[in-house]
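The structure under discussion appears below in the form of structure tokens.
Chain IDs A, B and C follow the sequence of writing; residue 1 opens each chain.
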Amino acid sequence: MVTLEELTDIAGVRYDGVSIDISGLNTLRDAKKGEVSFLENKKYVNDLLSTHASAVFVSPDMAVHVPKDIIALVDEEPYLKLALASKLFAPPVMEDEGAAEPQVGEGTEIAAGAMVCRGSIIGKNCYILPGAYIGPNAVIGDNTIIYANATVYRDCVVGSNCMIHSGAVVGSDGFGFATTRTGTHVKIYQNGNVVIEDDVEIGSNSTVDRAAFGSTLIKQGVRIDNLVQIGHNCVVGEYSVLVSQSGLAGSTELGRNVVMGGQSAAAGHLKIAPFTQFAARAGITNDVKESHKVYGGFPLMEQRSWLKLQAKLARILKGKS
Amino acid sequence: MVTLEELTDIAGVRYDGVSIDISGLNTLRDAKKGEVSFLENKKYVNDLLSTHASAVFVSPDMAVHVPKDIIALVDEEPYLKLALASKLFAPPVMEDEGAAEPQVGEGTEIAAGAMVCRGSIIGKNCYILPGAYIGPNAVIGDNTIIYANATVYRDCVVGSNCMIHSGAVVGSDGFGFATTRTGTHVKIYQNGNVVIEDDVEIGSNSTVDRAAFGSTLIKQGVRIDNLVQIGHNCVVGEYSVLVSQSGLAGSTELGRNVVMGGQSAAAGHLKIAPFTQFAARAGITNDVKESHKVYGGFPLMEQRSWLKLQAKLARILKGKS
Amino acid sequence: MVTLEELTDIAGVRYDGVSIDISGLNTLRDAKKGEVSFLENKKYVNDLLSTHASAVFVSPDMAVHVPKDIIALVDEEPYLKLALASKLFAPPVMEDEGAAEPQVGEGTEIAAGAMVCRGSIIGKNCYILPGAYIGPNAVIGDNTIIYANATVYRDCVVGSNCMIHSGAVVGSDGFGFATTRTGTHVKIYQNGNVVIEDDVEIGSNSTVDRAAFGSTLIKQGVRIDNLVQIGHNCVVGEYSVLVSQSGLAGSTELGRNVVMGGQSAAAGHLKIAPFTQFAARAGITNDVKESHKVYGGFPLMEQRSWLKLQAKLARILKGKS
């Protein structure tokens, strides 16, 4: 908990009002009372009208839209100010020596050379292999296997009956920063976590970034292959399948049973309908609203269109078109 | 070793015959007496006729093709039944405390913080760096270097004069599962291993998956760059070169001296002729039968055709076509 | 330090002259007195004329261009000979038990389970998490965080205020080898290092290869996302941003504030002007000389041209062109 005065001080925003207590940062949509949010992109102005945030970083031209009961923190660069403020809420990097010893369920085996931090809770009948790292306050369900040299960052949650393969990283920082006018970057501390539900398998050397605020969410039954990237604040729907070397940029949401082919990728902030299939190398830059279709290509099109286009290009190559 | 009764019980397949001993699962082609196999894809029906398997999961319409001396385990979803049965043969996750201490050859240095499991055999003059993990029963040849935080899963074999760089993972589970009619997934336990021959170098954070049955094989003299994916049951021919971020889906076989350019990828179950070169980003979806050619593009074509096509597209862009 | 006689012996090059002391190998351009270089590609013949190397591997037809005060080591395969010689200068793999204990600055916390080798120097107020590996003679600045299971190879330098996320590998061997006429490969030992300047963040499971000679250089303020590949001898300019799954082949140089979109990649030995932006999947095979432009596609073109081309292809698909 910090005061609004501390927050505006570190952000370098002028604020002369009363200094309330601030519990964290969040998006306009998810902010609760006591949290600070921001409006950078005008297309989210409606979220400003309905937010529960107590204060909002906002540009001068948007300040008029801030509801009366919300404190407007007016600045030309609201996103940059958010970034500067984010450091205040960063959790400690190291484990707290005063925190409780890990709670370990019955039947769980923690190998010599595994690293399980204080404050963590591990369920029953798990295997934690050598070199695996379970950060402070992480929670692991029952019957889950964390293979050698896999990493689960602090505060992350892994369900029951999961497998996290070697070298996979759950909960590293999302790729968030604000860029100043002179081209330098200010980190947005990633103060959320990752939540992995039950029956999820994550392949070796895949990465699932923690959320800037809230949680990156991998739902039940998801299968993630090797070397897959899941950006911060993504939601991966139940039983979705992500083939090797595919990637999701930040805040993209897959419905249930979506298939991402090998080396396919989606841009950020997209919503993909359930049961959508993307062929290998598909490049997704828009929402997919209709379920049960198959897409491919970059730019994305229905896979049968892509095949047809390639046939036409083959004709062009042969000089027949 | 399990009995056929136990196997059909866990798979949920009705079987009233005599309960023979079953030693494992395998493909129709590679199965030996005492093993159980499956026929899911009708194009492999010829393999059914010549298999040495003792029993086969097979769909009702294919049951007639099962030779008389082989037990037909008839079910609408043979691949799913195989998946359910695979768990019976999964090796233990943790090392067996009763197994022999690792055998370590003369001149080998194992750093403090390296994790070498029981049952493993390490040759002469090796270096095993801190954080490296050598699983149970793994075998490492002579003069091989396993760098810090590299992982070799249980039962895998690494030859002599190899280098496995940091973060590389050898022997994690292949991406195998059967999907039920309701869209959930059932893991196919990956009960094979990885065999890496001599003089192989594997770059940092590359992944080589263990086989579902049998071995994923990396032959002598192969050079694998960083962040490369090798799927389960692949065979990579002698002296082949896989440049960074390239990938092979499961069961694909490269002949000797194949070059996979950066970010190129091959679909599964393909055979690539020796001395084939794939340019960066090549996307391979069919067998390559003729040696010594250069390919690129996706869909794949000869590299000179791809260059010609791009020139034509440049003309189209300029409105000249 | 070796003698030229030892070097020509191991390389298998005939040399009957005086045996001077040789301190290392280097490119023609960067070689200093006492170093040996090579000329393989005739387009670098001008570098031969101005090099400070004491001896040069050179093919018979190029030998005439070697300045009189430089020793010509004439062979049909100069690059192969360099490779054979490179082993002489390889640093030891393991830490030197006689080297000094790590120097650790005030306020730095090294977690139990972190592996910090002798000869390394770590600044003030750093955090080194469990499973992180800091190789022999590595240098870490102040306030830097090395997360769990990250790896910094020997001799590498990481600046102040950096974050190296879990599974990232700094300083693994560049992908360098010479191929013989029979198709086998001879490793070029990577005897350089990686230098990371201040305020750099490297995402989880990204890889930055050490230089063959000299340094791979990541300049101040760079932001590298997850699963990114940086080849040996690259230079990444200040405040450049590399989005997930992008890659740079060896010796490519980015100017300041270059943006590499997700899954974009650059071939080797390129120079990219400052403030260039590459869209996702951009494939870069030529130098970019003009600053402040946006490119995409493969082959690369200005992003607006790529969009125009895709629109034309959409028309072709619909049969309107």
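Note that a contact is a pair of C-beta atoms (placed from the backbone, for glycine too) under 8 Å apart; a residue touches a chain by one contact, two chains touch by 3 or more.
Keep in mind it's a predicted model, so treat the numbers as computed, not measured.
Trainee: Please identify each chain that touches chain A as well as chain B.
Mentor: Touches both chain A and chain B: C.
Trainee: If I list every residue number at the interface of chain B and chain C, are over half of them used by both copies, so same, or under half, so different?
Mentor: Shared-number fraction below one half, so different.
Trainee: Averaging over Cα atoms per chain, report the distance between chain B and chain C in Å.
Mentor: The separation of the two C-alpha centroids amounts to 31 Å.
Trainee: Residues of chain B that touch two or more other chains: which are they?
Mentor: Each of 113, 131, 149, 167, 205, 227, 245, 263, 313, 316 in chain B touches at least two other chains.
Trainee: Touching chain C in the complex: which residues of chain A?
Mentor: Answer in residue numbers: 93-95, 113, 115, 117, 131, 133, 135, 149, 151, 153, 167, 169, 172-173, 175, 177, 179, 183-185, 187, 205-207, 209, 227, 229, 231, 245, 247, 249, 263, 265, 267, 283, 298-299, 301, 305, 308-309, 312-313, 316, 321.
Trainee: Given the complex with chain C, which residues does chain B contribute to the contact?
Mentor: Per the touch definition, chain B meets chain C at residues 109, 111-113, 127, 129-131, 145, 147-149, 163, 165-167, 201, 203-205, 221, 223, 225-227, 239, 241, 243-245, 256-257, 262-263, 275, 280-281, 310, 313-314, 316-317.
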